[in-house]
Amino acid sequence: MQGQSQQQAYDRGITIFSPDGRLYQVEYAREAVKRGTASVGVRAENGVVLAADKRARSPLMEPESIEKLHKADDHVGVASAGHVADARQLIDFARRQAQVNRLRYGEPVGIETLTKNITDHIQQYTQVGGARPFGVALIVGGIEDGEPRLFETDPSGTPYEWQALSIGSDRSDLRDYLEEEYEEGLSTEEALGLALDTLAQSNDGELAPDGVGVATITVDDDDGYSERSNEEIEAILEERDLLASEEDEEADAEDGDDADEADDEE
Amino acid sequence: MQGQSQQQAYDRGITIFSPDGRLYQVEYAREAVKRGTASVGVRAENGVVLAADKRARSPLMEPESIEKLHKADDHVGVASAGHVADARQLIDFARRQAQVNRLRYGEPVGIETLTKNITDHIQQYTQVGGARPFGVALIVGGIEDGEPRLFETDPSGTPYEWQALSIGSDRSDLRDYLEEEYEEGLSTEEALGLALDTLAQSNDGELAPDGVGVATITVDDDDGYSERSNEEIEAILEERDLLASEEDEEADAEDGDDADEADDEE
Amino acid sequence: MQGQSQQQAYDRGITIFSPDGRLYQVEYAREAVKRGTASVGVRAENGVVLAADKRARSPLMEPESIEKLHKADDHVGVASAGHVADARQLIDFARRQAQVNRLRYGEPVGIETLTKNITDHIQQYTQVGGARPFGVALIVGGIEDGEPRLFETDPSGTPYEWQALSIGSDRSDLRDYLEEEYEEGLSTEEALGLALDTLAQSNDGELAPDGVGVATITVDDDDGYSERSNEEIEAILEERDLLASEEDEEADAEDGDDADEADDEE
Amino acid sequence: MQGQSQQQAYDRGITIFSPDGRLYQVEYAREAVKRGTASVGVRAENGVVLAADKRARSPLMEPESIEKLHKADDHVGVASAGHVADARQLIDFARRQAQVNRLRYGEPVGIETLTKNITDHIQQYTQVGGARPFGVALIVGGIEDGEPRLFETDPSGTPYEWQALSIGSDRSDLRDYLEEEYEEGLSTEEALGLALDTLAQSNDGELAPDGVGVATITVDDDDGYSERSNEEIEAILEERDLLASEEDEEADAEDGDDADEADDEE
Amino acid sequence: MQGQSQQQAYDRGITIFSPDGRLYQVEYAREAVKRGTASVGVRAENGVVLAADKRARSPLMEPESIEKLHKADDHVGVASAGHVADARQLIDFARRQAQVNRLRYGEPVGIETLTKNITDHIQQYTQVGGARPFGVALIVGGIEDGEPRLFETDPSGTPYEWQALSIGSDRSDLRDYLEEEYEEGLSTEEALGLALDTLAQSNDGELAPDGVGVATITVDDDDGYSERSNEEIEAILEERDLLASEEDEEADAEDGDDADEADDEE
Amino acid sequence: MQGQSQQQAYDRGITIFSPDGRLYQVEYAREAVKRGTASVGVRAENGVVLAADKRARSPLMEPESIEKLHKADDHVGVASAGHVADARQLIDFARRQAQVNRLRYGEPVGIETLTKNITDHIQQYTQVGGARPFGVALIVGGIEDGEPRLFETDPSGTPYEWQALSIGSDRSDLRDYLEEEYEEGLSTEEALGLALDTLAQSNDGELAPDGVGVATITVDDDDGYSERSNEEIEAILEERDLLASEEDEEADAEDGDDADEADDEE
Amino acid sequence: MQGQSQQQAYDRGITIFSPDGRLYQVEYAREAVKRGTASVGVRAENGVVLAADKRARSPLMEPESIEKLHKADDHVGVASAGHVADARQLIDFARRQAQVNRLRYGEPVGIETLTKNITDHIQQYTQVGGARPFGVALIVGGIEDGEPRLFETDPSGTPYEWQALSIGSDRSDLRDYLEEEYEEGLSTEEALGLALDTLAQSNDGELAPDGVGVATITVDDDDGYSERSNEEIEAILEERDLLASEEDEEADAEDGDDADEADDEE
């Protein structure tokens, strides 16, 4: 009860420290991330795989318009979870940073450099008054000097590098699954399979082809970032026995109706 | 009771996160949208149809002055629901963006690009202090590279693409209706019929010609955006057996009197 | 009781949304409008008529100094109701906009364009912090391309076009009267009579010549906007049997004493 | 009791509307005006008379330093009531406006124009945050195109023209007296007599020569604004049987001691 | 009790009006003045005398460093009471104004002009947000056109002219004494005696030479402002039988210890 | 209980003093430091050793991406504890300062100078409103004029020089250990051993090679700052009998799961 | 109890007056000064002595890094008590002022001038919003025109000149001691002895050489400001029988552990 009223004191106004040294607005922004559907990133031997849960709230909604996977540059992809509109701001920021780097140094921006540009930008919104923190987490994956790299940004502005990770809803469960199943030296296709297996964990083990997005950024490819078509995804899901039946899919969409009031997290 | 008092804590001052990761000011802005009369958008094979409930509060009010349908550019139409004055700001913003695009690139702005310009603008009002969010949702429809596109913007600044959608009051019911009745490959006239059928759902199945606005943006037409005259609308309503009798219309207007105190949502 | 305390939460600080999507500061500004005496606008065949209740609080006050009717440009008149000082700000704004239009385009500003300039200005004060909304409503009437036009602005910044309308105190009753009595195709003099009849509804059916202001903006006239003299008004009132006896007038003024504390609304 | 707590909610921070459409800060500023001693203005046939209660709090205070009458320009005088320091700001503003007008147009500023310059300035302080309203009312009197004009400004920024008026303490009583006694076509000396008679109403019918200030702005005079000397005032008071005996005057001053805590209103 | 809680509402944030038209922050600033030791000003036939209570809190403190008397220009002296650091700001402001006047017009600034420059500056801090009022009162004395003038500034920004006055602690008692004892036409030395007699009223009728500061600004003198030495003061105190015994002085200093917590008012 | 409610009063808004002269926001920022894992600095005869606890929350996280040791310049290293994103801001600031010094004076920045640049920057965030303090402490170590120097910065902006110190969790215990074990004149390798022994105190006496970071800045070395490889660290840990068994390490990581909610302190 | 809740009202937001005319934020800043260890200043015949309690919180802390004595210019020293980081800001300000004076006028800044520069700077932080007051007091000592001067600045921005004074903890007791023991005409060495005797009063009559700092600024010396070495201090302490035994010193340091939470005052 007391904890309750004390906590309230830190909700108003700008982002300030609580007596135990926490930034509540940042922690609440993390809750906004958890309200979004999951995204998964897996680092393979020669590339990075990003997969995202893109279930639509209605069969009339175009699945492609659910923005969870973004190409930040030829060699960089970003998956997001949380407040969609905030994610767009950070993606735009990342694209501008990547462009500036090409213009200034004549070469693609490093994945670590780009990630830290983003997290430093995020941090400003947690320290200086007059704005709220960003309610979104990002997985930033790409190729740097011929090596795949995979990073995370969170609402506090902290950058971390991972071999494989998930962000968004059911984060803990999906991470447990990844910790058990991940191993080094995966081929890109194996990594892609693991990413989909992981995503399916929070969907009763099944996924609908147009409820999922998959992107790969590979060392060998000329084009770097590429997204898989619905048909390719369907083939893989079938192969891995993850394909949802039509009925399930519709039921999902209808369940989505109840969540309609607060539908700005994905 | 506790939920009540906790919720209050997030209402004051700037837009900040609640402990469960929600932005209350954005959710309240969504309520402002629901207070507005409905608008419907339907994507046809070769065009987009926008229809809006424009019932006047008084028979002395000019129905044309109830702004729910707007031409943003030759090839782009916008339907709104919610706070009228806020909608005007966003339409003005959209028009300027469309003009800038023509000047800078010598070609019409893409519908997706324009929508995301608008949602990025909306997002700023949900993150930076000193202003409240926009209390309005928009349906942005138009032709891009010869293809009809149909988008939604909401008060959080999230863009979504739809085959058919409704915004404003009775949103859930109208969407259910659309999900049941919509099918791909509709002609523009069929889409127009569906849009009016849907609107009529929240009006006891009847519509008055001057209480409804209809606009189409088609691929073939030279002029792109065009609004239907009252006579055309009356003919269609009669054909579809949706035409309201005179008495109903007057009764509606009189009911409107009670809502006079808060008449800035449409 | 709970509604009471909840409502209080939205009164302080800047204009923000309440949980049901309303902007309380805007609604309170509407109350300021209702505290002002009534103004009426009627669109005739070839012109627009504005009439305003200008009862003075004291026989020593010059009735001309009670500002309810304003000439915004040769072809545009404005009647106001509510906070007088706020009205002056908007009238000044309208005059500058009309002048700028003449300078820039070499022609008189359109009535719809001017009205929307004003409402967009009003809207800013309802969304951006650091200022309160305008506590005034305006009737903007004039001639555009040879046609009479009649618009309303309210504290939310919403523009509406009317055939006939009233703003200020007793708004509902006066509108009911107008809805019953108004018909299309009125001559300017008939419209003027209707406007005075309507105003008299909130004055026990009687009006004093110097307690009323009347302005017409007509298509034919060279000068456009013109105000009627006290003598002309007296003649019309007598003709329509609306002329107040001297005693009533004095009684009115004395009643005015009690309202002296908050005398900035007209 | 509830009214009490509700009212408190509107006292803090910037000037905002209360649920019944009032601006409390403006109304409280009016209370500051009432705390000031009275000033009276009377329009005569060929001039304007300003009279002010200037009772000193101590016999050691120089009566001339009690600023209630101000020359704003050769042809404009101003009498004030309320917060003295605020009055000075407005007088300075008025003087600058009058000077600017002379420089720009080569002629004296109109009394109505000048008054509206002042009230527009006052209005800004009631709408834009970061400052409180002015706690003072002014009587602005002068000659415009050979005609005497007499205006009032109040803390809301509303301008009114009067034949005769009073501001400050006992306003209602003094206005009643003026309404009974005033008649059109007074000579300047008759108007001066009426002004002093009125002022004496709030002083047990007596005035001390150095407790009163009198200024006239006349059409005929070359110099326009002129203040009467103590001797002239004493002669008039004696003639009108308003002269206070010495003992009364001292008693007054001693009574003044108690009010010493809040002595910034006059 | 209710007055108590109501009063609290006006203490926070910026300087705003209370329901009875008072500015609490200004009134609280007056309390800061009363917490300061007294200063006295007396206007003589050919000059002005300023005297100030400068009792030190410790015998180790240099009495000269207790700033209560200030030379603002050759012909202007200022005595202060209240918040010392605030007084310094106003004195600096006054000196700059005096210098600017000499540069611009080639002559010494008038005493009334200078005082009103200061009070206008003070007023700004009572109306515009973001700063508190000045917690200090000043006596401004000097020679203008060969005549001695004596003014007061208070925290509201109101200027008053006096024949003789006191500011700071025991203000009412000292003013009563001055009202009884002051008479016009005093020589400078007589005025100096009266000033010291008055100051002694709040010190059990005794003063220590280095606990008192005395300055005169005279018409005849070439240098205008001059402060009396300790020896001169001692001689006068002895002559007037006001000289404190050594023991009293030490006791005073020791009493001062208790007030050590809030020692920034003098 | 009372202390509780009083404390709350100082948590909101900007950094202000409490009645007992404390800055609560600064003290809460210190709590954020304590929530971070420990870092240790030891000054040796010819260099400085920095060691940091870098335990990862998951075996999938790349230990190198846990930023606790930073090279600020060739001759300066920094170890941090607390809010990671804040630390990055200060490190960036330090790097810019070091670069500016080289450009301006042509020589490496002094360690004391650099530290005080940082603490002055930190202080600003504790005095000026609109931002919260930095939630991080730093150990700044380096070589100045051939001598090793070791400094600490804390959230208040106070700089201190140490022979050996720890920051972050278990600070008191680790300092006790250092006070007992430290002696002057240590070789760099001895200092490195002491640093690891100290860190192990808060890890049940055991450390995993990739859960620890070690950097040295030495007088003799050409390159100054260098970090030890995992292999080197493993060898030293084994030699000192501090090497954690594999099982312990995994258990640690799993424990880390619970702390996942607030994982932005290290 | 009521005093308690009333006091709270003045703690939040900017520095404003309380009903009894006090500035609570300034008084709380004084508490921050009292939390710091003591500093003492004594004016001698030909110089000024500054002594400061510099007890370290740990034997591993370098005593030199505890900043209590500062050289502001060749001829000016400053001792501080209170918030260390705030003191640094004021010292930097003082150094810049001293430099500017040398550049502008070609001569060393006067001690009184410099002190008032500092206090005017401090005052700004107590009147203008957006920042808290400085939580530190300074003793400013130096040579001006061949004469030793000794000043104090406090958090209100008031300057005072002293013969001898102490600031920080135990201020009253140390001042009592100084008042008893100080006499004019001391040699610099005698003054130094008195300063150390005084400091020892708040340390059970004993001081450790590296827990004390001593600086002198003398008229004769070429270099003006000089600090005594530990050896010199040890010799003097021994001579005056003030030397602490080793055990006491360690005990002190251990006691210091408890105060570790709020260690930014010295």
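To keep things simple, chains are lettered A, B, C, D, E, F and G as they appear, and every chain counts its residues starting from 1.
Following the convention adopted for this analysis, a contact is a pair of C-beta atoms (placed from the backbone, for glycine too) under 8 Å apart; a residue touches a chain by one contact, two chains touch by 3 or more.
On a predicted model such as this, the values are computed, not experimentally measured, just so you know.
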item: Shortest contact path, chain B to chain G, counted in steps; value: 3
item: Centre distance in Å when chain D and chain F are each reduced to the mean of their C-alpha atoms; value: 69
item: Chain centre separation (chain D, chain G; CA means) in Å; value: 55
item: Overlap residues in chain D, where contacts from two or more other chains coincide; value: 12-13, 30, 129-130
item: Graph class of chain-chain contacts, one of line, ring, star, complete, other; value: ring
item: Ordered ring members, chain E first, chain G second; value: E, G, F, A, B, C, D
item: Parts of chain B lying in touch with chain A, wherever the complex brings them together; value: 2, 6, 9-10, 12-23, 26-27, 30, 116, 119-120, 122-123, 126-130, 151, 154, 156-165, 171-172, 175, 178-179, 182
item: Parts of chain A lying in touch with chain B, wherever the complex brings them together; value: 4, 7-8, 11-13, 24-25, 28-35, 58-62, 64-67, 83-86, 88-89, 92, 125, 129-135, 257, 260-265
